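Encoded as C-alpha cells, here's the structure I'll be asking about.
Chains here go by letter, A, B, C, D and E, matching the order in which they are written, and residues are numbered from 1 within each.
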Amino acid sequence: MSTEASTNLIEVRDLNLTLAKRRVLNIESVVIRRGEIIMLAGNNGSGKTTLLKIIAGLIRAPEAHFRCLGSPMNGEQAAAFCRGRHVYLHQTPYMFDGSVEDNVAYGLKQRGRDFAQRRIEIRDALAWAELEHLVHRHAHELSTGEKQRVALTRARILAPSLLLLDEITANMDSISRRRTYEMVADFKRAGSTVVFATHDHEPLEAIADVRLELSKGKLAPTDRRAAAVIPLRRDSSIHES
Amino acid sequence: MSTEASTNLIEVRDLNLTLAKRRVLNIESVVIRRGEIIMLAGNNGSGKTTLLKIIAGLIRAPEAHFRCLGSPMNGEQAAAFCRGRHVYLHQTPYMFDGSVEDNVAYGLKQRGRDFAQRRIEIRDALAWAELEHLVHRHAHELSTGEKQRVALTRARILAPSLLLLDEITANMDSISRRRTYEMVADFKRAGSTVVFATHDHEPLEAIADVRLELSKGKLAPTDRRAAAVIPLRRDSSIHES
Amino acid sequence: MSELGQASAEAVELLLSGDAVLWSIISVSFSVSLRAIAIATPIALFAAFTLAYTSFPGRRMLVTATNTLMAVPAVVIGLSVYLLLSRGGPFGDLRLLFTQSAMIIGQILLCLPLLIAMAHAAFQSGDQRAWETALTLGATRWRAMRTVMYEIRFGLLAAVIAAFGRIIAEVGCSMMVGGNILYHTRNIPTAIALETSKGAFSQGIALGMVLLGFALLLNVALGYAQGSGEIDR
Amino acid sequence: MSELGQASAEAVELLLSGDAVLWSIISVSFSVSLRAIAIATPIALFAAFTLAYTSFPGRRMLVTATNTLMAVPAVVIGLSVYLLLSRGGPFGDLRLLFTQSAMIIGQILLCLPLLIAMAHAAFQSGDQRAWETALTLGATRWRAMRTVMYEIRFGLLAAVIAAFGRIIAEVGCSMMVGGNILYHTRNIPTAIALETSKGAFSQGIALGMVLLGFALLLNVALGYAQGSGEIDR
Amino acid sequence: TTTTTENSGLIHYLIDAFESHHDFEVSVIATGSGRALRHLANGDVDIALTHAPSLESELLASGQAINHQAVMYNDFIVVGPARDPARAGINNGIVGVFRALAASEHLFISRADESGTHLRESALWAMAGQKPQGRWYRQSGQGMGKTLQIADELDAYVLVDRGTWLAYSKKLRLRLIYQGGDHLFNRYSVLSANPALHPDTNQLGARSFTTWLTSSPAKQLMRNFAIDGHQLFTPLL
C-alpha cells in the first residue's frame, strides 16, 4: 500500500448508501485533506453519523470509489484500510466493562504498548481530561458526560492521523467543551486531521478550516477557507499508527 | 392520597444517596413548585441525572424525607407515587422495538386512550415535532437526534404535571432546540412544571424561573427569580395523569 | 447405512399412510411436551424477571441453585416424581403414575431450571432503560415487565426453544413416570429407546428423524414469527 | 423416603471413605464432560459469532437448523456415533467405541446446538457499539471478537453452564457409545440408570445427589468468578 | 415384564390373543426384572412377568407379591469369539467352562445389573469357585442386547439367554461356545400384586391373565412363537 505523502488522506466519490431501503447518503465527492480541521454540520438525520462511520471503515459503502493515501480502492478495501487507522468516537460512546483505566488502555494494548509505558501515558491523558479521580471507577457507573470525556481520552491517546468526532461535546460541561476544542487545535498543530460533527457551530467555526454541510444525505458546496487561524506545522511528527 | 392544590409538587429533605459506596447526592432540601420552569445546572458527574431519576421515582432514596402534593412520604412511598406521574426523559433515550408511532403511542396506551383518539393525538404531536415523515420508521434506525426528538414527543403527548428533561437538546439541531424551548414555555403556560438539566445555559435562562446548581452532589443556594417572563395562567387545565 | 435409508423410507411411508402406532407416538410426544412448556414458560419468565429485577437476600444463591439444577439427570427427576406419585407415595391417591399427566409434571420440572437460567441471562443482558422508560411513561410494574420481555424476546424465545428441545428429546424421565405404554405414554424418545434395546438401530434413527422433521416445522414457524435475528440496530 | 435418607447417608459415607467404584464413576463423569465442553465451547462461540456478526446466504437457515438440532434425542446422537465408530462403520479402525473418547465425541455433538443457539442469542442481545469501538480503536477482527465475547460473558457463561448441565446429566448417548463399563466408561448418569434398572431407586437418587453436589461446587466457583449477576449498570 | 419378552415380540403376540378373548386391556411396561418386581411391590402395576427366581421368592416370602406361577422357560448359553481363545468350549460341564474363562483372563462381559441373567452368572462363578475381577472382567451394567453388542465389538465372552441370542446372532460375529445342562435353565414366572397391601390394584384382571397364561391355548401360542424357525420359549406344565 502506498503511503506516499499524499495531501489527501481519503477521497470518496459516488457515495450512495441505502439502508433499510432508504437512500441515506448521496454524495458526489468528499475529500479529507491531511492536517485540516473539518466541521461537519447538518440537521438531525442528515447523515453525519453515517458518513463518519464510512470514513472510519465501520460501515461499508460497496458501490462508492475510494482513494486512501493516494491508492484507489473499492468499498471493501477502503473499509479494511480505514478500520483502526481512523478513530471514530460514537455519539453515545460505548464503555467496555472495566475500569476507566482499562477503557483508556484498550487501544494502546492493541498497538502493543507495554504495561509501564501504558501506565504513564494513561495517567497523563487522564490528567489532561481532569478525570484522574475516576481512574479506578467502573466505566458503567459514569455519568453520560463523564463517559463522553473518557471516550475522548481513549481515542486521543492513540494520536491517530484522522480523528472522527461525532457530536462528542453534546453532554460535556462548558469546561470540558473548551478543553475539547483546544485539543482539536492541538491535533492540527501536530499534523493530524479531525472531522467534527456538531450542532454547536460557533466555537468550532473559529478553528475549523473547512465546513461541510450535509442536508438530507447531500453535501452542500464546500466552504474552504484559508487555513489561517492556526499555523500548520508540517515538521511535527505525524502519527501513522 | 391527597391531591389538594398544594403549591409544592414535591419537596425532598435530607437527600443523601450512596451508589457503589460513593456519596453521589448530599442535598439538604429541594422543592419543586407547581408551574415553574426549573433549570438544573452542574458539571459532569455533579448528580443531575441521579436527582431527576429520584424525582421520577426511578431511583429510590430510602433515607430521604419526601412530601408529595403536601403528603409526607418515605422513599419507598414517594417512588411509587412519582413513578409514571412525573415523566423522565433519559439523557440517551431508549426506543422500544417498534415504529416511531408505536413509541409515541406507548404512554397513551397505558393511560387507556382508545385507538382512534390516540391516532389523532399522535399525528398532531409528530406534526408539532416535524417528525411526520418518520411515523412508520423503525425507532432503532433513527439517528441520535431523531431519537431524542421522538422521546420528547413520546413524553410531551402525556402532558404530565411534572416533566423531567435530562439534557434532551444535547443532540438536537438548532431548529429542534428552539422548538423544545418553546414547548417548555408552553408547558408552563398550561400550568405544568418542567425541570430541565442542561449545559446550554443561555437559551433556558431566558425562560427559567429557578436555577438549581449542583456541584459534586451538593445544591448551591437557589436563585429564585420572579416568575416574570411568561404570565402564569392558573385557569388552564392541569393534567394530573 | 443402506439399512438406515430403508428404515427412513419405511418411516416416511408409515407417516404418510397414517399408521396409527406411529402417529400416536408422535402425538403423545408433542402434546405432552407442548403442554409442559406452556405451563413452565410463564412460571420461569416470572421467576427469571424477579431474579434479574429485584434485589433480595438469597437472590444470588437462587441463581446458583438454578444453574446447578440444570445438571439434574432426567432419570433422577423421573425417580423423584415416581416416588411421589407411586401408590405408596404422598400423591399416590391421584393415580397419576404412568399417565401423560405424570410425564408433563416430570418435563416441567426438567425444563424449569434451564428456562429460568437462560431467561435470567436474557433479562440481564437487556437494557435497564427499557424498564425505566416503561415505568416513567405510566406503565404498571406488570405492564413494564411485559414490555421488557417483548424487548428481549429473541433471548427468551431462544430459551424456550432450548427448553423444548430438552424435553421433547428426553427419555429418562418419560420412561420412568410414563412407562412407555403404547397409545398412552409412548413418545418418540421412549420408542427410540425401545427400538434401540431391540437392536433395531435403523428404526431408532428413523424415528429420530421423524422427531427432527416435526421440530424443524415448529422452528420454521417460529423463525417466521421472530424475524431475521440478524443484528441490525 | 427413609430408605432414601439411608441411601444418601451411605453414598456420603462411600464418598468419604474414598470408595474406588464411586470415585471412579464421579471422575469419569467430570473428566469426560469437562473435556467435551472444553472442546465444544470455542467451536460453538466461533460459530455463534459468525452467525450473529456476518451476513451470508443461508445464515438464517443455519440458525433454524441449530434450533432444530437441539431437539435431537441423545440416544439418536449416540446411535449415530455408534454406527460411525463400530467395527463395521467408517471409523471402526480407530477402535474408539466403548472408550471415553467416544463419549466425548458424543457429548460434543450433543451440546453443540445448545451452545451455539444460546451463544447466538447472547451475541444478538449484545451492543453492536462494542464491536465498532473495538475495531476503531485498532483491534483486529479476532481481538474485537474476543472483546465482544468478554462484554457478553454472562450470557455466554449461562450458555456454557446450560450445555454442561445437559451433558453431565445425559444418559442415552453415554450409555450407547460408552457402554457403561465400570472403571472405564461408567459415569454418574449411566450408573443411575443401572441402579434404576435394578429397582434400587434410592441408590439412584443418592447418586443423583452426589452429581448435584459436585455441580454445585462447580457453580459456586463460577459464581465467584462471574460476580453478582444483578443488573447494575 | 422383562425386556426379553418384549424385545422378542412374544408378549404382544400373547396379549393380542388374550385381549381378543377377554374384556381386559393390558398395558406393557418393559423393564429389567429387578425394576419390574419393584413396581409390583409398590403396587404400581398389577402383574409382573420376570425371570429372577431368587428375587421372586424374596418378594413372596415378605408378602409383597402373591400368586406365583411358573410360565415358561428357555436356557442360557455361553457365546464368545469364534476362535475360542480361552478354549472354553471344549470343556464338559458349565463349571469347567467358567474355570477356563477365568484362567485364560480373556475379556468377559458381565451385565452386572442384578438381572436374572446376571444373578445366574454370579451363581455360576461361585459354583466354579471363582471370584472374577481384573481388567478382563468388564461390567456393562446394561441390558442383554446391549451387552451382547459390547461383547461383539470387544471380542469378548458373555453369558446370554437364548432368546436374545437368536434375535441378535445374525448381526454378530460371536459364536455359540457352550450350551446345555440343568444349570443353564431360565425360568419365567408371573406374580401379582398383593391386594392386602394395595387394595386398588386390578385383582380380577391379574387373576384372569395369570390363569390364561398357564392355560393350554397360551402354551400352544408360546410353542408356536419362533424366530427363523427357532422356538424361543418352552411352556412349563
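Throughout what follows, a contact is a pair of C-beta atoms (placed from the backbone, for glycine too) under 8 Å apart; a residue touches a chain by one contact, two chains touch by 3 or more.
None of the values given here were measured: they were computed from a predicted structure.
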If a chain touches subunit B and subunit C alike, it appears here: none
Farthest chain (mean CA position) relative to subunit A: E
Distance-maximising chain from subunit B - centres being C-alpha averages: E
Separation of mean Cα positions, subunit E and subunit B [Å, integer]: 80
Euclidean distance of C-alpha centroids - subunit A vs subunit D, Å: 45
Separation of mean Cα positions, subunit E and subunit C [Å, integer]: 36
Sites on subunit B at which at least two other chains make contact: 20, 92
Residue list for subunit D, restricted to those that touch at least two other chains: 193, 196, 201, 233
Multi-chain contact sites of subunit E, meaning residues that touch two or more partners: 143, 146
In contact (per the touch rule at the top): chain pairs: A-B, A-D, B-C, C-D, C-E, D-E
Touching residues (chain side subunit C, partner subunit E) in the complex: 86-88, 97-98, 179-182, 184, 194, 197-199
Of subunit B, residues touching subunit C in the complex: 53, 56-58, 83-88, 90, 92-94, 96-97, 106-107, 110-111, 140, 154-155, 158, 241
Subunit C residues touching subunit D - in the complex, by the definition given at the top: 1, 4, 52-53, 55, 59-60, 63-65, 67-76, 79-80, 82-83, 113-114, 117-118, 120-126, 128, 152, 154-155, 158-159, 161-162, 164-166, 168-172, 176, 188-189, 192-193, 196, 201, 204-205, 208, 211-212, 215-216, 219-220, 222-223, 228-231, 233
Of all residues in subunit C, those that touch subunit B in their complex: 127, 129-130, 132-140, 143, 147, 150-151, 233
Contact set on subunit A toward subunit B in their complex: 19-20, 42-45, 48-49, 91-92, 138, 141-146, 148-149, 167, 170-177, 199
